[in-house]
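First chain written, first letter: the chains are A, B and C, and each begins at residue 1.
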């Protein structure tokens, strides 16, 4: 197979895996920001928390990787409800700036706590045998883990798509994102809807955090470092849009990977250049509402 | 007869008096009041009381200047951005490159150059970006700062990359005042620059232009409706703010004799915002209070344990948003109003 | 022939498939006293937003004193003499009444470009602001913060700001809305004493106000002009009554309750 084609396939494969991670972790943020207009910069901290729970479960309690992912997602989702009801609720009417500051403060507290309990050195996680190693497709081998990530991502996309487009609750969420006041006047309990979406979104973030360990290693600064990426995916995709988050994740994931492959030093540049270009032309993102 | 209607039967003398009072009120608010001398007295006192902490003192004053630049756009015009470090970094690197690549080490002219370059970038980026608000603007400004950093990384031959440009020694001030090892001259130098900048910022903020900024912050819809050229005003204040941030960055390089790409970090943008919020936005001296409190606390606490410091700052932010939204100066104001009300009751 | 103060020609505006303004023609001569009425959702405020430049039309033109301003910005139109009040007060609530007015005059005359002088230094601005406040009997509130005033007086400040722009065309969006009945006469008095040279268009639901104020009425239904004419013609128009049937019955009930 010609050299450039191999590179192209590698970029697509790795880019797709990265995009799946971005999508899984960011989709919750997009929907909650679109639904409630609440700027939650602690979202990265939820992902980080999920990651550390997986680390503890697998390393200290010997629980398998996949079950740990599930437990982490459910736990963080449940705990996030406490945050939402107890704290965030008070700031729905507050200014953007206040929401930014509050959630950054929470993120800092989370990072400090993680540093205290786990230390600053990046952690890794033991993977089951079938996720280690590679899949051989002849012209190139592909890491099984990344393949798993892609498959899992596609599966979740289908589940979320179904939930969003085909169920009653999904319809209510879409209605509330579109026009909250009207949805409320039609009798939709937007508050409850938001708590539910927030829990699912945070749970997915935790899942993403757990999945990220094998890709990037997990250290406390994850909460802020990758937050920037999540925010970019959400902004470029458009608030409250599943399609938008997916498209943004794909575009940014593939281009970032391509950048890092082809221009090692300046690789990171692309993501931000694309962000600026997209937002200048479509300030509300691909599928956002003006 | 409506009870809410106040009597409108007044003599012309009374009317003239009411007008005088109104005019006097507006003028009086902009006069120099004695508490304004306080920060300067304290700064000079610090010079004599803490002669061995003058390097740190210089850093604090630089942060005050940086926070002051942010107050112009955040506190007065109400624009929230996440990339103000971009201008700090541009100023820092302007001075750094002048010394490292062009051998130009005269301090004051370097600062002017830093201000001009930052202002230019501020004007251009502001013209494009200030058409947006909210998350879009946050992301655009953040991305701009990161892209500048990445560009510096790309040309690490010029910028020194993350290792930076060391050994950037500046010439004596006015060709006369040499720099001592303990930062004494530097402290007074930075204090002088800060005083000069504050003089100008104070005039701007109390001018009709400053009033228009407040109007844009309070109700931009109304401003459009009365014919205010909102975008032009915002780009203007953004340019000025960038220039001042550039000066702060230039002073940073001059004080440290060193500059690295970390001056563009998101951390820097976040830090200066926290400082300003803690002190209180839109109050001119909030930058002073916030920067001093933050830097002093950080100096003490992060030496004990960086983790506790980070936790503490996070907690402080959360508490500030929940209970003290207008910062320390806001708390003082509230306390002042509380006590004056109590006095009236007695 | 002098051009009309304000002219709207074939104005259209849609949001996706929903047409909210349909082929509207409207003319205000100098000194006009024109009311725009119609059932809820008829698109009255949308029309005002199109005229003032908050919204851009899909097609059609807006002419101010004969000049085509369709492509100009909101601020541009304000500077050319088009002022408006909003249905919900849009004031600088954290500032004093006097500052609200001084800001308006400052922007009008370009003082706000000045970064050097103190904001209170121009006596002429303060004097004019106080003149406006005097004519609206707000002088005693001059140094009070807007947010401390009762809603009715805030509404007067809203009108004061529009008048301080020295407009040639004034658009009032439900000026008496939200004002308790004990204070509404303040608004009505002001409206009755407005400069006869200014062309005024008001959106109003209260038919008493409309009949007292307007010399001409346009009825807007579902974004299109239903009919136009003098108050007499409109009041006697069967079709208008039919369109308003729901509203009128409710209106009648309200009156009956107050006795």
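Everything that follows uses one rule, which is that a contact is a pair of C-beta atoms (placed from the backbone, for glycine too) under 8 Å apart; a residue touches a chain by one contact, two chains touch by 3 or more.
Everything numeric here is computed off the predicted structure, so don't read it as measured data.
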Topology of the chain contact graph, where touching chains are joined (line, ring, star, complete, other): line
Most central chain, judged by mean C-alpha position against the global CA mean: B
Dominant chain pairing [most C-beta pairs in contact]: B-C
From chain C, the most remote chain by mean C-alpha position: A
Chain centre separation in whole Å, for chain C relative to chain A (CA means): 48
Inter-chain centre distance, chain B versus chain C - centres from mean C-alpha coordinates, in Å: 40
Approximate Å spacing (C-alpha centroids) for the pair chain A, chain B: 34
Multi-partner residues of chain A (at least 2 other chains): none
Touching two or more other chains - residues of chain C: none
Residues of chain B touching at least two other chains: none
Residues of chain B that touch chain A when the two form their complex: 74, 80, 128, 131-132, 134-136, 138-140, 142-144, 146-147, 150-151, 153-154, 156, 266, 270, 273-274, 277, 307-308, 310-311, 313-318, 320-322, 325
Parts of chain B lying in touch with chain C, wherever the complex brings them together: 2-6, 8, 15, 18-19, 21-23, 25-30, 203-204, 206-212, 214-215, 218-219, 221-230, 233
Partner chain B, residues of chain C touching it in the complex: 52, 54, 73-79, 83-84, 86, 90-96, 98-99, 102-104, 106-108, 111-123, 126-127, 130, 134, 137, 139-140, 142-143, 150, 152-153, 161, 165, 182-183, 185-186
Complex contacts: residues of chain A adjacent to chain B: 33, 39, 90-91, 94, 96-98, 100-102, 104-113, 115-116, 224, 228, 231-232, 234-236, 239, 265-266, 268-269, 272-273, 275-276, 279-280, 283-284
